[in-house]
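First subunit A sits with subunit B, and in the next complex the same chain sits with subunit C.
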Partner chain A sequence: MGSDVEITTPKATKQKSGFVTTLTRVLKYSGVRLLSLFITVVIGVYLTIMIANMGGYVDQMMKSEIQERITMQIQANPAFRTMDPATRSQLTQEKIQSEIDRLGLERPLVIRSMGFLKNALTLNLGRAQLMSSDSGSRNVKAIILERIPYTLLLMGTANLILFFSTLFLALALSRKYGSFWDKFVITLSPTSSVPPWFYGIFLILIFAAVLKILPFGGVIDAPVPKDFLGRALSVGRHLILPASSLILSSFFLSIFNWRTFFLIYSSEDYVETAKAKGLPSRDIERRYILRPTLPTIITAFALLLIGLWAGAIITETVFQWPGLGRVTFRAINLYDTPVIVGTTIIYAYLLAITVFLLDFVYALVDPRVKIGSGGGPQ
Partner chain B sequence: MKQLKNNFRELLKYPSAIFGSIIVLTLIIAAIVVIIKIPYNDAIDTWRGGEAVVGKNPRNVPPKWFNWFRQDKLVESLDLIEGDEGVTVSEETTEGGTLIKTTTFSFDYDYKSFPTELTMYFISEFEAKQPFVSLKWITPDGTEIKINNFAIGKTHTYPINQEEKLKKRLGNVPPVIGLFLDPESESRLPVKGTYQLVVEQISFEPESTVQPEFVLLGEVFGWAGTDHMRRDLLLPILWGIPIALAFGLIAALGTSVLTMTIAAIGTWYAGIVDGIIQRITEINLVLPFLSILIMIGTFYSRSIWTILGATVALSIFTGGIKQYRAIFMQVKESTYIEAARAYGASDKRIIFRYLIPRIIPLLIPGLVSAVPAFVFLEASLALLGLGDPVLPTWGKTINEAYANAALYRGWYYWIVQPAVLLMITGLGFASLGFALDRVFNPRLRGM
Partner chain C sequence: MAKPVSLQNKEFGAGGKPISQKGESLWKDSMRRLMRNRAAVIGGSIIVLLLLLAVFADVIAPYPFAEQTLVDQNKLPQWVLSLFPTMEPYAQLSPKYFFGADYVGRDMMSRIIYGTRVSLTVAFIGPIISLIIGVIYGSISGYFGGRLDNLMMRIVDVLYAFPSLLFIILLLAFFRSTFARPAPGTFTYSVSQLDAAMGGLLFIFIGIGLTAWATMARLTRGQVLSVREKEFVEAARTLGANDMRIMFRHILPNVVGPLVVAETLAIPGYISTEAFLSFIGIGVNPPTPSWGSMISDGAQVIRTYPNQAVFPALALAITMFAFNFLGDGLRDALDPRLRGTQ
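On to the complex of A and B.
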């Protein structure tokens, strides 16, 4: 999603603009922007629905699966064994029909997909077809809500540590350009081409299999400790490996990127001037380097926050972490469209809202940015 | 051309570029050699396994080179047949005209652990009367242990370690252990020395022949070990190279070239075309990439080519298109484009002859840097159980190892070998791409 924010030159900001014109401009811009984002979300979600059904292909698979399952059930049930074959096959047909009706497989996909879309957009996530939450509910909302804490715990811990540690290390490195540690980070930055689950396997190998000091996976010891402190410690111990693998896989590239970014900004003329004036380096960093880079930092942070939602399907699989990634994966394996669509729509909404809000945040932190000036949506 | 030469000279200044190029070149050469030496069909057939292909491989054992680093050597496999060293044959004919052939397999055993399996294979020819064999085991101190005697078919497999009666006679110890123990001593270690397996074959027909083969399956096998289905892991390790490279390179090349072309077309025609491309990009950002790939793998086809196609299709309309667009916007305004337009060059000519060639130098680092992501994507999908059903790949090996709890049971070699190769491939391309980026991207030079 492109940003429509224009960085205007100082000359352009001088143009006369009263409060009212600003307000109408902002309102008009917000309206157009919201509408275009909404349309994007609608199309994106509809495509996901169609893919989740493979254009009706999945219906065929589900029907034959139902047929097989019910036939097997009735054959295996001793209560039906004495029944004469004609009645039994009729019973089988009836049961198959009622299961197909329950899942709504009779109606054409185009109509059903519209229903899915409407429910998704109104966040009426409905009931899962086959999956159920740990508490036994078929409610998609319950299934998703149950997993959010785990995903947030893992992704939140890892990404917040990653974000702030790399940001500050990068700032420190940009000051010591060309030093040993600078070169060290540059040399190691290709390590980020390796995905987190991969580091996960090695970390499990070292710390769980060989050294036996940390668990292989899961969230908590069995049996679950009775007191709160014990539980927290146990979860913490299980968190170390997955979180480290998430951090490790982006660490060096992230530092490198931020460092390069800061270096570009610290070679600006006004920074040189500030240095010439003899300002302390801390002030230079805060006022002349961090300030103009704030929009980028905020964008990165916002994208990080919504990225938390998606979870990490593979890392969660490797560590058997019961987060949203696992739910999505299981839903796909069970062809459970409502759950797949549920996780997608929430992500799409969060993304759209974040992109929309970011424009306003830019205007707040950067006086050069004016909302809606310089053309409508691209 | 001169520019290219300069760039190349510049590139050699980066140690990471040299490191990366060496890895990439080695991998490419290895891939070509593998495809020539082990043709595709052979690879698939061998990988499918089955008794005939893998019957004489031990199950779940580490590679041979483990022994180089060990004080106590692991048992190496042994496959003895007539004509091999240590196999002696003697024949005699009884008065009744029956032929008795005695084959003695003798071998030195100098290990502190036990073999995993002992098996006899027989191939015999006869018309009506089955030949009869009897097996006898002679330990280094000369103790004789009768194993069994039985009639054999045309091809006969006799697993000694599954002989229940023998197990009972040995004091309820599995034969693979019991046959190597000294019953008198308390020691649980095998007795070292020369063992003999005497196979007496009695044939009742003058033309009848018996060909016995003795196989002792050890604790190490080949250069890469074996998996739970006794398959030699060297095959997926080697065949993983061309597959990983093909997937990574085709996906990276397809994605970057298509992205660039579409961005060029959009920028050149502007207006509606550009608008549509921008909208598609925005919609694509809403779609959950990995989920969709998993759905295609689960619902439709797990073939590596389908997944490759879907990957490329989903990767075209991403952030990259916006970056290229920004660059094309600048190039579009150049004077040489204006000149081309002035002499009446067609749109197609301008896009493909003037716009795109201009930014190819920018394409190269991006392309090389994108390879690891795709290589790992293939492995990631395989890890989720969506690997190609017939091809032996690194990702599938890791997936199978993971499904069999290899880390938990200490079969580290199973996971570590493909993982290290994946890592080397990823790092090689990433280092090269990184250096290329700094050479071709003047803004980064010196940073």
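On to the complex of A and C.
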């Protein structure tokens, strides 16, 4: 529409109606897309709730735990010592029943799970059963919020460095197809078949155990430095090893993948034409290679942003990094359902929102993509 | 008989270049290409070696994997000490254990040797499970197409939206507790007995099977879609073959190559998943030795006894590299056009 420079009056009205149809098309598309994404999120979260409750098994565990706790309480209480056994057992039964009623364990899980689902979807995450945050709160939101900065710090540093360094190195390599460094990266790309914590163990060995220049793990030195600069330096020192093990484990494969990707686009006919015209390689790169690859780069970046929230369970454990990954892991080991559901729902929402926004970003950067018009992005 | 034999010798004599007039079968051709790939041959030989270790673990391992000698806690031989000199002040030497002993005095080397059993079982059973489920699901979806295809692929999408590691952790936590103390005689009881007999591997297989098939199903569907309209399928249909026959006799053999390659390349992932699950304590049952649980134990004492984490980690890495190299080689061999792509 932007190319319509000479607009006559009838054309102008036509364009206006064109704008209206575009708007309705986009709105309709957004509606349908949001609905389908929402349904996916609901299904995913409901599955998580059912699995995290182990299809009702957690209820049984809780009931027997309540029974044990109240029996012990009554036996240990000197006030009930003189009571005759029949009254005492009746009292025990009553107390157990009232506790079960209080927690609503009598109603079947299928009905209660609907309540759980509603709470989860409205981000009303409730209270943890066993875990508590470092400040002592039982609130699931507090537990998760407390850990998010650490996970974001670690994953953000590692992934942003990884993303931009590999992207630019790959671009440089794609110019020198078949050179020594190109072959070097190809040879080293299988290093990524090993998970980050493997590199973590060796980095700890080399830099912490043998060379003793970097800490073994944790976030900050034991007597916390008083001034801000000291604290920042200390955290930075603790960050080096976990971040580099995360970077190292996908560095070469990532360069290799981007390089292959750029190579495919630089063998297009229009790039050949541009070369034949004698355009400088900088211009060719910017106008003809980077432009069509932009949607893919943006997708990779968006997926990276989502990935930041998940944390890395084993890497965090090896480095004793207090992030979300360790919270999830602990919650699963303790069967702390609210915490498990809480971490999952946040992740699911972020994923859905990113996927939704991506469609619009595609349409913005790629004029070939038209939202909601049949062949739109899927 | 004598003449053809001498001819054949000549064929492969000079530079490995065949001058044969006979058409070579696809598999023979691929095999020759695979053999020429040095990394793949090395990877393959390591895997054969590991297989031998796993099969003959009882004979090779110097000690039983669960034998605890408490007086030998954390002891290590001289060569390990010279490798990690930081342990000098407190290390207790004992030449009995080649890689040292762990925190309850079990021989690390024997446990690593027995650990190959777990990792290799996962490496071979994992792909089989996900192939069976994924191929059947994907070929039905791709072959029949239409509304059924749409529905089946949406289910796969939902599985995809789930972070797979979280899903498998939840599943395993679910299995482990549901089958914890069942009453004898019930179905759950027999399942839990079977799992206990397998050292906890059964649930890992089920977990991998339930999460890994989705990728395979997608891949199969794509492959089936690409050959569904080919002439030979048309011909088979004209000759009156039914759907089952077309699917499994005509389409599947033509798409199986890429699927096998994808599975081989996925093997390091399965091994890593098992190690991960054992690391966080919901994998194999102790005292069954798994490299993951050994690394987990070792990571606790990495400041004091780094050898307890390093050797199992090295074993794990070597195995994963071996499968990766073999998978790369297989891909290049089966489809030379894909060389150098991921």
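One rule holds for everything that comes next: the second predicted complex is superposed on the first by the 311 of 378 C-alpha atoms of A that agree within 3 Å, B and C clash if a C-alpha of one lies under 4 Å from a C-alpha of the other, contacts with A are read in each partner's own complex, and residues count from 1 in each chain.
Just so it is clear, a residue touches a chain if its C-beta (ideal position, glycine included) is under 8 Å from a C-beta of that chain, and two chains touch if they have at least 3 such contacts.
In this text, all values refer to a predicted model and were calculated from it rather than measured experimentally.
Colleague: Fit or clash for subunit B plus subunit C once both are placed on subunit A?
Modeller: clash
Colleague: Who does A:258 touch here: subunit B (first), subunit C (second), both, or neither?
Modeller: So A:258 meets neither subunit B nor subunit C here.
Colleague: Determine, under the contact definition given at the top, whether A:45 touches first (subunit B), second (subunit C), both, or neither.
Modeller: The first partner, subunit B, only.
Colleague: Considering only touches as defined above, state whether A:288 meets subunit B (first), subunit C (second), both or neither.
Modeller: Neither partner.
Colleague: Thinking of the overlay built on chain A, is A:362 touched by subunit B (first), by subunit C (second), by both, or by neither?
Modeller: After superposition on chain A, A:362 lies in contact with neither partner.
Colleague: Pick one for A:209: touches subunit B only (first), subunit C only (second), both, or neither.
Modeller: Both subunit B and subunit C are touched by A:209.
Colleague: After lining up the shared chain so the two structures overlap, which partner does A:318 touch, if you call subunit B first and subunit C second: first, second, both or neither?
Modeller: A:318: touches subunit B and subunit C.
Colleague: Which residues form the common part of the subunit A surface touched by subunit B and by subunit C?
Modeller: 40-41, 43-44, 47-48, 51-52, 54, 57, 61, 189-190, 193-195, 198, 201-202, 204-205, 208-209, 216, 260, 310, 313-314, 317-318, 328-329, 332-333, 335, 340, 344, 347-348, 351
Colleague: So in the complex, the part of subunit B that touches subunit A is made up of which residues?
Modeller: Contact set of subunit B toward subunit A: 16, 20, 275, 278-279, 282-288, 290-292, 294-296, 298-300, 322, 369, 372-373, 376, 379-380, 383-384, 398, 402, 407-408, 410, 412, 415-416, 419, 422-423, 426-427, 429-431, 433-434, 443-444, 447.
Colleague: For a test of understanding, state which residues of subunit A touch subunit B in their complex under the given definition.
Modeller: 1-2, 40-41, 43-45, 47-48, 51-52, 54, 57-58, 61, 177, 187, 189-195, 197-198, 201-202, 204-205, 208-209, 216, 260, 263-264, 310, 313-314, 317-318, 328-329, 332-333, 335, 340, 343-344, 347-348, 351-352, 378
Colleague: Using the touch definition from the top, list the residues of subunit A that touch subunit C in their complex.
Modeller: Those in contact with subunit C are residues 40-41, 43-44, 47-48, 51-52, 54-55, 57, 61, 186, 189-190, 193-195, 198, 201-202, 204-205, 208-210, 216, 253, 256-257, 260, 310, 313-314, 317-318, 328-329, 332-333, 335, 340, 344, 347-348, 351.
Colleague: Would you mind writing out the residues of subunit C in touch with subunit A in their complex?
Modeller: Going by the criterion above, the answer is residues 84-86, 157-158, 161-163, 165-166, 169-171, 173-174, 177-178, 268, 272, 276, 279-282, 295, 298-299, 302-303, 306, 309-310, 313, 316-317, 320-321, 323-325, 328, 340-342.
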